[in-house]
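First the structure, which I've put down as structure tokens, then a few questions once you've had a look.
Labels run A, B and C following the written order; every chain starts at residue 1.
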Amino acid sequence: MAKYIAIWTAGALALSFGNPTLADVTIGVTVSSTGSGAALGIPLKNSVELWPSEIAGEKLKVIVLDDAGDPSIATTNARRFVNDDKVDVIVGSALTPASIAVAGVAAEASTPHFSASPVPPNISKGKWTFVLPQDAGLIARTLFAKMRADGAKTFGYIGFSDSYGDLWVNQYKAIGAEYGLEMVADERYARPDTSVSGQVLKIVAARPDAVLIGASGTGAALPQIGLRERGFIGTIYQTHGAVTFDFLRIAGASADNTVFASGPVMVAEAQPDTAETKKDGMDYVTTYEAKFGAGTRTQFGAHIHDAMAILKKAIPVALEKAKPGTSEFRNTLRDAIETGGPFPASQGVFEYKADDHLGLDERAVVLLTAKDGKFELIE
Amino acid sequence: MDATIATFLIQDGLTNGAVYALLGLALVLVFSVTRVIFIPQGEFVAYGALTLALLDGGRVPATASLLICFGLLAFLVDLWTMRRGTSTAAILWSVLFNLALPAAIYAVTLGIAPLALPSLVKALLTVAIIAPMGFYVYRIAYRPLADASVLVLLIASVGVHLAMMGLGLVFFGAEGLRARPLSAGSFAVGPLLVSAQSLWIYGATIAIIVGLYLFFEKTLLGKALRATAVNRLGARLVGVPTQFTGVTAFLLAATIGAVSGVLIGPITTIYYDTGFLIGLKGFVAAIIGGLASFPVTAIAAIGVGMVESFTSFFASSFKEIIVFGLIIPVLIWLSLGAGLHEEE
Amino acid sequence: MTADLKHTLPGAIAIVVLALVPLLPVPPFWITLLNNIGLASLVAIGLVLLTGVGGMTSFGQAAFCGFGAYTTAVLTTAYGFSPWATLPLSLIAGAATALPLGLITVRLSGHFLPLGTIAWGLALYYLFGQVELVGRYDGISGIPPLELAGHRFLSGQSIYYVIWFFVIATAIGARNLLDSRVGRGIRALRGGGQVAEAFGVDIVRAKLTVFILAGIVAALSGWLYAHMQRSVNPTPFGLNMGIEYLLMAVVGGAGHVWGAIFGAGVVLILKDLLQRFLPDLIGSSINFEMIVFGALLVTILQFARDGLWPLVLKFAAKRPTRQPAAAGSLPRRTMPAVGTPLLRIDMARKAFGGLVAVNDVSFEIKAGQIAGLIGPNGAGKSTTFNLITGMLSLTSGSVFYGGEKLSGMSPRRIAKHGIARTFQHAKILPTMSVLENVTLGAHLRGSAGVFKSFLHLERQEEATLLAEAARQLERVGLGANMHRPAGDLALGQIRILEIARALCLDPTILLLDEPAAGLRHAEKQELSALLRKLKEEGVSVLLVEHDMGFVMGLVDHLVVLDFGTLIAEGKPAEVRQHPAVIAAYLGEVAA
């Protein structure tokens, strides 16, 4: 029995260590570093390690927790951040349902929140949540415009059977008509599926001019390869979630001539020097790849970097008016984020407004194509 | 849908079904001999596929070092069991199986991984790395629980599954990998394009089924396993060591898992957590086979592959619901035929 | 300190501590964690009933949480229901889902059920993600908080009390249920199905009952979850959570209601500690939690197979034993008039494949008779017992009781006629007390249902049943052992226990399978006396026995079987002289 008591006491003590020393700026990060969203969450977690240890002379205290993509765990994590750690900012999560859950807690506790995944409009309209990734609408408009420019009138869709997969169908329903596009097939698959032959056959049979794939990471390679194997010769369009080097590694030659919408960070080097996203993008890419190896950068990790790019400018403003750990600080910080832009960062130039917490414009999207296992900028 | 599409779908269903069949057979094998519902079976598939993919890249797969860890752990478990007296021979055997064997496999892997090897050699090396893990998993997790109830063994399986999946995430990362096919190329058969890899899949599946049949029918060990499956106590009374049959069952299961991984790795992207879902589809087949019948399981697995292939064409959003919901009518049918059973 | 107080004190202290926690200056996260533990405990309590007690393993409980959570989410957000109004509807949703799934699966044995639950756990998860009404994969947000007299349960502290009120109420209800007539039937499911059936427990119904109960408490957890989280989506209701709930029940100790809460606490606190401190401990940000968690689980099973709660119980005071009060007596059956035909076996035949175990056997027993059924090993005596009691179905022929045809009826319905039996291989529930084992025999003489039992509104009836069992135990001479676990008894005592249990049915005829085996001489004398006494009361007896001295001195009528065939029948003295009997049976004994 003594042993059990010892363990419990140790646990109890450990749990009470949450209180930070006041006056440090505390940031709580919840990401899915395990579970089905691990591929998105791990680069986020890695990027946190590149954050500076202090801003404007204030020490930065960062707490990273895993939510495994589960909204319940994300909520628990967020509650702990606001209640116990008295964080000044929450960042996360990598998956949409989990981010929605975090946004709820952030709003309750009046704490600024950066979502590292796209969220539905009712969430991004919230007072405390700021969205880091490009809004799906922005990406969709870019891709649909490109489709129209390429002469496509019909397209087939295949995407994940999850929130991300739903996103692009919703975009089509909302704005597809503006671009004169017709979706002739809507197919779904799960990331760990071993075959998408059925879906691909159905799409090919519908004879679309183009195909849009709504999937992320290497998971987007399965239909890409399948479509080419089944002899689909039209252009394939991929969303920004698919733009990773791992994707190219898996998809190989089948990725050639595919059109990707992407944040600029994936081709930071290829941007013209005049691009506002070049300097910060190069900073991020160089440090990240120096630490985690060449060709390891991802869009997702860059969002975390961008959160810090914003905070680096906003925190000093807030510090002038209030002390970290207080609700005044969180209020002024929120105002500074909302009004202090533009913040040029690696993925775009953020300029939030009271009625726009998406903050990005077309400078945050580039069109890429793949050639010989590399991404190339489409002019 | 026209005939061409139908043949494509049938071919696709057959290919996946063949892999599910292998897993289903392994599950039936392990369950009937040891009463373990072997949830981690899928992990061996993922390990096999990911190991092969890394070997393709000329890298030393992390599974080789993992094997050493497993061996070391098994050795420690052995020492723990032997703490109240033992023989030199027992320790020697333990050192040989748990320390020397993985070390040797690791050395071989280290030596030949960077070489440009023929695909078949890489595939065999993969199986050699993964198969012994079945032995260690049995030794570490299941043997101390040999007399436990099916429920306890099932929960233990969940624990092993979580641990192995976690190890997969640590060692292979979250992104998927794809291996190179054993032989590239494809043949045109009428309108069909049959890839060489799918021929490997059909061939290996048939070979393993025939091999299992011969093993159970013709060899003494195979007969001992069957005897254990029919009556554990009886088998022990006539001198069949149940531990030995247990080891054999797990070793066979891991081998079949690794082979499945080698077969499926080149036709799809495999993630650290893919194995679980593939394994579950094998389970659906095994359940239809009553966790007892090899032929019914194999046929059911092909059926699962077919259903999956056709639903992914007709209603891809509802594929999982249909494939896993498939089990409900089967359960109804089984429950109509079932009387009341005493729980174990 | 009295034993009673000693027993209830730790529980009372625990409740007071629980009530005070939110008022103490603890880190707020503790409250969040305790809320999560409370929610998980509810599901785990359901699993204790289902898995630990009922022997049915389910990985799919999270799906029932989902039905509870989505019901209230949809009704409150889209149709403007008040949260409290949706509580019964959520629970009904859980029950309504559990019913068809239960009907399909509870009839299945052992491993099919858990595998089936894995399948539906997955299928339902994807279904939640596909349905437009429940917001697909993004789910539903903006669910209103609970409200009571103007107070909105927004903060963790306030909903804490709501959650733990339900947890403790459910736990007490579950304990009440197990400690009742219905509960004994449920507890007999695991390993005592045949006994339960032989004494009139409707097994399928008992299984369905726990299955639905487990579904309802899971739905309750889901309902609370929805109003605590105020948003729902499919992820928390998938297979992974289903697995985790089962882990909690197992880690706690699947047979203990309080163990469920303990298990939920251990698992959730451990996960939290691992995720918070493991990275610092091993100096790496790689995720080892899942590995450590899996390994720990296997280790717990290897070293504490019954979970951790029994270890805790070792330090707890023993539950005080209460002598059943002599509360009212149960109505007795009218015994058939002595000498009237009671049980008639007519051309009974049982074939197992090619082997004919009972070959067209016919005989009759009159009311108030003690009859013996004898024959060498393998003569088909126990098979005949099983045919009479409905445990086995007849291949051909029939069995009549009075004028009524018994064959084709379930053991349960046969038991209702007043036919009670013991088993050749004694079947008892070793962890239950002797008294409870015997009370199981009186199952048909009570009528309280699940609801009454849950609230312990059936105490009067329960006391009467227990008193009856105690009376029968005293009668057979086991009164002193009443409160010991039945598994502690010697084999001979267990056989006597079975007789007491059979007597609790208030039988017109007792079928005793080798009652004297394992008894010492004096005990056999007592048994003879008891059986004679029963005969005087009008109870008939049919017994299978090998001890010829015992049989010959006792029975009025003797039936001899050999290789499934009746070879002789009549008064003991006559049968003893029968040449076929001497050849087949006594010859064997002589040799």
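Here, a contact is a pair of C-beta atoms (placed from the backbone, for glycine too) under 8 Å apart; a residue touches a chain by one contact, two chains touch by 3 or more.
What you see is a predicted model, and the numbers here were worked out from it, not measured in a lab.
Closest to the middle of the protein, by Cα centroid, lies chain B. Among all pairs of chains, B-C has the largest number of C-beta pairs in contact. The distance from the centre of chain B to the centre of chain C, with each centre set as the mean of the Cα atoms, comes to 36 Å.
Between the Cα centres of chain A and chain C there is a gap of 51 Å. Counting partner chains per residue, chain C has residues 126, 130, 287, 289-290 touching two or more of them. Chain B has residues 166, 169, 317, 320 in contact with two or more other chains. Each of the following residues of chain A touches two or more other chains: 34, 38, 161. Contact residues on chain C toward chain A in their complex (touch as defined above): 26-33, 36, 126, 129-130, 136-139, 141-142, 154, 156, 225, 229-231, 233-236, 240-241, 269, 272-273, 275-277, 285, 287, 289-290, 311-312, 315.
Looking at the complex, you find that chain C touches chain B at residues 51, 55, 57, 104-105, 107-112, 114-116, 118-120, 122-123, 126-127, 130, 189-191, 193-194, 197, 203-204, 243, 246-247, 250, 254, 286-298, 301-302, 305.
Contacts from chain A toward chain B in the complex involve residues 34, 36, 38-39, 41-42, 161, 186-199, 201-202, 205, 217-219, 221-222, 244, 246, 250. Listed in rising order, the residues of chain A touching chain C in the complex are 1, 4, 11, 14-16, 18-19, 33-35, 38, 45-46, 49, 64-66, 69-72, 75-76, 79-80, 83-84, 96-98, 100-101, 104, 108, 120, 122-123, 161-163, 165-166. Contacts from chain B toward chain A in the complex involve residues 1, 5, 8-9, 12, 15-16, 19, 166, 169, 173-178, 264, 267-269, 271-274, 276-278, 308-314, 316-317, 319-320.
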